[in-house]
Amino acid sequence: MKRKLILAALALSLALAACAPVAGTPPTATPTPGPLDLIDGLGRPLTLTKPAQQVISLAPSNTEILYAIGAGGQVIGRDEFSDYPEAAKSLPSVGGSMGQYSLEQIVALGPDLVLASEINTPEQVKAMEDLGLTVYYLGNPTTLEEMYANLAIVGQLTGRDAEAKTLAQSLQVRVAEVDKKLALVGDRPTVFYEIDASDPNKPFTAGPGTFIDLLISRAGGVNVAASTQSSYPQLGLEQLVVSNPGILLLGDSAYGVTAESVAARPGWEVLAAVQDGNIFPFDDNLMSRPGPRLVDGLEALAKLLHPEAFQ
Amino acid sequence: MRPYLYVSLALIFAILLSLAIGSVFIPPRDLLAVLAAWLSGEALTGRLATYGFIIASIRLPRTVLVALTGAALGTSGGAYQGLFRNPLADPYLIGVASGAALGAVIAMSVRWPYTFWGLMAVPLAAFIAGLLTVFLVYTAARVGKTVPTTNLILAGVAFGSFATALTSFLMLRSTGEVRRALGWLMGGASQTGWLPVLGILPYLLLGLGVLLLSGHTLNLLQFGDEQAGQMGLPVGRAKNVILAAASMATAAAVAFSGVIGFIGLIVPHVMRMWWGGDYRRLLPLSLIGGAVALLLADVLARVLLAPQELPVGIVTALAGAPFFLWVLRRAKNQGYW
Amino acid sequence: MLNIQHLSVSYGTRRALHDVSLTVESGEALALIGPNGSGKSTLVRAVSGVIPVQGGEVHVDGLDVLAAPSMQRARVMAVVPQAASLPPAFTVMETVLLGRTPYLNFLGHASDADEEIARRALQRVDALELQERPVGELSGGEQQRVLLARALAQSTPILLLDEPTSHLDLHHQVGLLELVRALVREERLAVLITLHDLNLAARYADRVALLVEGRVTAQGTPEQVLEAGLISQAYQLPVSVVPNPMDGSPLVLPRSPLPPGQTGR
């Protein structure tokens, strides 16, 4: 008797599961003609029948780009870490810390475009694609020119082509301005950009291939880690002492690291930068998010390294 | 019969819970409306359609994958504990997880094309690396024709530590992939949809099928290799079969779901505590019990910090330890081992 | 009948058994005696097929048991090990039922007939009332009886017992050996039993074999083997052998004091 009961219960739940539609598309608004054919950063072909109006951004840089080109009103959801501009914070979050997103939340918001980045794995893109979502994977730029190109792409996706172009142009003007002011400067101070110094004997910094490295050179400095092998190397304190940077930039200032705390680190007092008091906090978000604020970062960095050129 | 009844009911409850709960809250009334529409064949619209889609396309395949993974871990854990006659044994004892992790991290450092096989690269690499590690451990532990249990454990620890160290080193070198690797290591379905289910199903059916039939063999092995042999068991062959089956099931589970700890260790212990150490019953109960445990952990992972989803491995570790202590205190104070 | 021919066993480079030949007929109990490390347990393990042999053969009624599959071997030969570590949670009945393994399918399902055989075996060793008790709760003597019942349930013509009396008190030693002797007589089993106690061997065995450093140095009736010269030589200890006042069997008495320089070996 009991065995029959179990079998009946199992059969019932299986039957219920079987009744469910196995795959399907999430309900979205019916599209109007005006197709847009694109290939995204993963080589996937995409077609948008009209500019996206309900965008979910899965990376802080994507969010910044969207708002910067005036598409902020077309964004309906964001990842956990998107905190700029202020308006983005009031959007519903779909997860993202520890690399896990809530697919359910994403689906429930009913987007017509999900803007992914290199933070997202191909599996995550595939998962969203399998659920019938339109996903565009925006690859990370490695140069400023590639970043402008990304602005144009997002402009295309959201029907803000004109604003994107205008933004790119204004950014280029600002960069050219910085270049002009720095052309007359002779010296190039050596810079150490600290990303993490939980172990003060082996701090993490940015090496070649990162925007930090690129912007330091562009801003008229020399990155002491420019000749290392990996993108985010750990530099030994001895190495740091030998290269003796003129300026220390604290990219980890958001985590409570201050010039005083750095000066107090045993062994760091021999550094010229410490002795001369050339330790400056720096907003890492300006350097690590591949969006329009990179130019803000460039300007801030240039002013820091060559204050005399920007009087 | 009673134990099977209880765990089966628990399984049904866990499945229903897993379908009803997720990071999006679906009010019970809407849930029933969706069910009613499915049963009557009506089409769903608007908000209900979205809910129905979420349940059918996101939660259902995930529920099945999680249940299968939990079943694989529970059964393999029980089999390993019986094979090694060691209460601390779990499915990762001889290096499956460490090897699989290394394979996965190596695969993650390559940019695969966005094709079917490209997307399968990581789970495939994990699966192969896991089995390869077991093979290496087995070969290293063999002495002539026999494979002494102690040797297996020692070789497993050695290879496991080596693989883990190498994995950590690789993660440190390619810092871009660290988050992805960490997420995988902490466990949780990285792939969604029915593909992972289809991927692991053949290996689970084979591996778990063999294990379920090995209850009597494991009972005999509890008396030691010599006594088991004297009672007629072809000990070498029997141990190899069980080892292969359990390793295959574990490797398949780990390949798609990462490293989820505690299930393989705790579930067989709990089943043993409640219903005895006869492996003919322990393994089937651990199969269902493993599914239940992992389903419940997965529900918690989706709900505790919604919309953020925790990796399941963290939930099993955090919830598993105190739960086990509680069961330990309540168990009758007699040797159940 | 159990026929052991020219058996040689090595552990790595160390030779444990040299060219051992023994025969045990049905209805006969052969006691294997010898000093520590002489190879008695090795012989039992080699004959029952659980360690590899480097030379020689073992036949039971014509069947080459070392070449035969283990299941077939287990139908003709059962072993009562020393009270080894038993998994404490198995009940007595479950343990004895495992002895039926050679006749069960691989799922281990025991029929009513199998259970009846197990019960009778328990009754034979006078342990039926223990059947639901977990093995871990039993005393050494009770455990040994359960192991004997398990071997009996295996329904084999040959029985090997390895030091079954080592952990037993006097009462249980005698009880077990009386039982073995009764089984030999009634069921016509061929029994090979290794023993430490020479006098028990003398009283309960039909024939005795003396194993010294892996070689059989003497075989025959208790009177023939338990002879002062042979025993003194084997055990490196002067002994006297006198007839047991109760039944005339040889009684071995160590002579004291030990000769100088002989207190340790």
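A few comments on the model shown:
Chains: A, B and C, in written order; residue numbering restarts at 1 for each.
Operating definition for what follows: a residue touches a chain if its C-beta (ideal position, glycine included) is under 8 Å from a C-beta of that chain, and two chains touch if they have at least 3 such contacts.
What you see is a predicted model, and the numbers here were worked out from it, not measured in a lab.
In terms of inter-chain touching, the protein chains here are arranged end to end in an open line. When C-beta pairs in contact are tallied for every pair of chains, the largest tally goes to A-B.
Chain centres here are Cα means. That of chain B falls 45 Å from that of chain C. Rounded to whole angstrom units, the spacing between the C-alpha centres of chain A and chain C is 77.
Computed from the mean C-alpha positions, the centre of chain A lies at a distance of 35 Å from the centre of chain B.
Across the interface of their complex, chain B is touched by residues 2-3, 5-6, 9-10, 13, 16-17, 19-27, 42-44, 80, 92-105, 107-108, 110, 118-119, 121-127, 130-131, 230-232 of chain A. Within the complex formed with chain C, the residues of chain B that make contact are 85, 144-145, 213, 215-217, 219-220, 222-227, 229-235, 276-278, 280, 334-337. Of all residues in chain C, those touching chain B in their complex are 45, 48-50, 52, 69-71, 73-75, 77-79, 81, 84-90, 94, 98-99, 101-102, 104, 106-108, 134, 136, 150, 154.
The touching residues of chain B, when paired with chain A in their complex, are 1-2, 4-5, 8-9, 12, 15-16, 19, 22-24, 35, 38-39, 45-46, 49-50, 52-60, 112-114, 118-119, 122, 173-176, 179-180, 182-183, 186, 188, 190-194, 302, 306-311.
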